[in-house]
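Naming follows writing order (A, B and C), and every chain is counted from residue 1.
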Amino acid sequence: MKLMNKVFAGLVATGVGLATTAAFAGDIRVGITMRMVSENGQAYGQMVMDEIKAINDAGGINGNMIKATLMNDECKSDKGVANANKLIFQENIHLLIGSTCSSVSLPIVDVTAKAGVPQMIPHSTNAKITQKGSEWVFRIPVSGRYYGGVNAKYVGENIGSKIAYICAADAASVGDCANMEKQMRARFGVDPAYRADVQEKEVDFRSHMQKIKSMNVDGILVAALAETMARALIQSYEAGIGEDVRRIGSSSASNAPVPKIAGDAAKGVFFTAAYAAADNRPIAKLFNEMTRKRYGIHAPDHDFSQAYDLVRIMEIALNNADLQLEQWSLKQDRTAIRDAIASVEGYEGLASGPISFCAAPTPQCRDGNRTAVLIGYTKGGENFETEVLARVTMEPDFGLE
Amino acid sequence: MLEIKGVHAGYGNLKILRGIDMQVPSGGIVTLLGGNGTGKSTLLKAISGLIPLMEGEIIFDGVSVSKLKPHERMRLGLVQVTQAKEAYPAMTVEENLVLGAYTRKDREATKADLQKVYDFFPVLRERRKQLSGTLSGGEVQMLVIGRGLMASPKMLMLDEPSAALAPKVVLEIFANINRIAKSGVTVLVVEQNVRMALILAQYGYIIRDGVIMMKGEAKKLISDPAVKESFLGGSVSDTTKALRN
Amino acid sequence: MGFDFNSLLAFIIFGVTIGVVYGIVALGISLIYSGLDIVHFAHGEMYMFGAFFGLVLAHNVGVPYPVALIGAMILTAILGMLVERVFYRRLTRAGGGYTVAGMGMIICGFGMSVALVNAAYFFFGAEAEPFRANLDYIPRLTFPGDINVPESYVLTAIISVLLMAGLHYFLRHTKTGLAVRAVAHNKDIAYLMGINVPLMISLIFGLACGLAAAAGVLIGPMQSVQVEMGYLMLMKAFAAAVVGGFGSLPGAILGGIMVGIFENLGAAYISASHKDIYAFLLLILVLMFRPSGLFGVEAKVKA
């Protein structure tokens, strides 16, 4: 039967000719769209490709090869959506991996929901991604709603409640700010002492820092993408705000450009993440070693670990899925992959806690990782160092209305 | 001093000058006459090097300058005085004059020449700190001539020095041109004001449609019926008298 | 957050310190425009290259910051002259000079901008680079109301003013400067003055690109250095040039300072989340009510 189908598909393909993009039966087609404007981003994508190649070299998935296509979206939503459309409708992929940035992942969720293509999210933390009700979306990282809770708990109990907020306009930072604010209000009944909404790539924070300095706050939350955050951190010291005022980073704080660009200003910054390079588990040490050797990374951030976990979870799901991989079976195979990912439970890899999914299209089911680690920078610069401050697992419902 | 042999020139594919031959002898005043669009400005540009030659040759002071750039021709002493409207209005009178001596390296002589120009045109000394845009038409004409003198020229080419000036001012300007020629500078005056130019010059060329239509001694041209018919009208004696003064 | 005078003062001071940087980039744009009638759209990339040259000199070669500043200006000036000589001038030759190159030149400028960005990705990589300058010898200024102005900003303001003064002196009081102005006004007449016009055009480009490089090196320690930094700077500097009166050199500086103050005040009192809009809001207002710019002379009409 299978053989006949293959022959049939081949005939159809020849008959239709070159007018359609002839998809070769037998391959599992995976499309990846990620940010590659920074060298770190490139390495995330490279690692996904390398890991997929390793799976293929070891005999593939039940004898089928994975054909992966990697595209660059530069963390720009228009490019990400264009990539997703191309991958889905021209490459006829079975599974989409992407994207790095929340602002890109959010619109792609609508594309995959409409087309019926499973989407695995490697890095985006914005809580809304899984709140859209798509049954095709799976988030490997920790949702911002959990981060907000962990951050707020730690800040309120250890630092104080008078916090200034600097919130950049990218989707991840907007979400991080909103979650933090919400949790601070819920737990400690306080509103931000100062709040500045700045542009995604703001370069000049000095007037805000002047104001913050005059307010004698306990801490400053800097929610922004890595380079913007680094600039804000530097300028906070330039403005003369002392070390005793703690700097709290948003989810991007784990990215290597932050300590690299901010230098000494990164010291003392703490943030929540899904992976700590300071993790003592053997698997983490092996992973650190691997990224150092392969990609020359000083210490992998959680974007690396999440990309790695994603490939492992994908491998498990694809092995469990009953795939036909014929031209006619595209829709059926996509559904099978979706259901196989949804039934992954208790995966333990590099992530801060076990990752589980379930069938319902709800945030409870699709935010796979509920455990966040609190990490602090003990040294900035190229050879930055971190320490683990705490590890907290949240309830599935946490942070939802 | 200047010899033009079979010059063809124009802009892009448009040929305007079609075989011009002309000589300007050392030490005199020669005038090139013609109406609008006859090719006189194009010929001036070709001589000063602003447009390339298509054919022919230009020899200045015994040297072929056909291939030289404008500033290189200028260094040889072949200096064009621009039209009055082409002073730099946003620069002071003195800056304009200093600019005229741009190619010169002899600082002391340049300074002396500046004083000479001021002596020549005292009104320019009075106004030396003023922006040239604020000068009257006649004063600007003096300025551009002065600017030409600053280059220490062997030959000075003037582009319509009488344009848009009142008759009385024109007389003054032409008297000055006469003085310049007497000081030993060869002068080529391009003019539309045929009568005045022919009184001033010793020799005249009349250009039409890119070719030299007529040439000869100024005295003869002025009484030539053909010239008289096409350009002149009225008496010339008043002007002659005024110029001699 | 009610109104208080000290913050207002702080916003204005910070606006001025960033505004002078917009100003010196705008100065270059204005210089090229008034000299060559080119609206140079690749000028932001000259600023970016300048910043990277400064970074490489300071960090990789290890020269002191002032040397890096001057070195970056010279290298970028050479780059600018090369770009002009090799690419732009070809376009103008057919038209007989810069005045008629028009649309082709604008498109070429855009193309050059894209090409330079990609070249920068190739040479410098995509990562933002921190620019650490040792500025301990610069005094920290404290304004009334305890407004602390960091060293790098003091330095920026001082050097910008020095550069402007230097350019002013050069244009007004040297023979070469006089020739540059002559070329700027009319190239044909400049030729008749015996000025080597092509050389002056190269000089104008070199000066303008050197100024952009100075802005890049000055802003490096405040913001990190990255390949895409040029675009926004171009837009701000363009706004500054138009606000001050396109082609007017003092206008470019004042326009830059106005843009700096205006956007800081907008960010402070209206909303900081769309800060870049204010520069263009100012631009539109100026164009509506005073199209020649605030300090502009009458528009330069060319034949």
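Here is the rule we go by: a residue touches a chain if its C-beta (ideal position, glycine included) is under 8 Å from a C-beta of that chain, and two chains touch if they have at least 3 such contacts.
Quick caveat: nothing in here was measured; it's all calculated off a predicted structure.
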Category of the chain touch graph - line, ring, star, complete, other: line
Distance-to-centre winner among chains (Cα means, whole assembly as reference): C
Far-end chain from chain C, centres as C-alpha averages: B
Rounded Å distance between chain B and chain C, as computed from the means of their C-alpha atoms: 42
Centroid spacing, where centroids are CA-atom means, of chain A and chain C in whole angstrom: 38
Interchain centroid distance [CA atoms averaged], chain A/chain B, Å: 78
Sites on chain C touched by chain A in the complex: 1, 6-7, 10-11, 14, 18, 125-130, 132, 146-148, 150, 152-153, 222-224, 226, 232, 264, 267-268, 271-276
Residues on chain B engaged by chain C in the complex (per definition of touch): 11, 48-50, 69-71, 74-75, 79-80, 82, 86, 88, 90-91, 95, 98-100, 102-103, 147, 151
List of chain C residues in touch with chain B within their complex: 96, 175, 178-179, 181-182, 185-186, 188-189, 191-197
Of all residues in chain A, those that touch chain C in their complex: 36-40, 42, 169, 194, 196-199, 201-204, 206-208, 210-211, 213-214, 227, 230-231, 235, 238-240, 257, 260-263
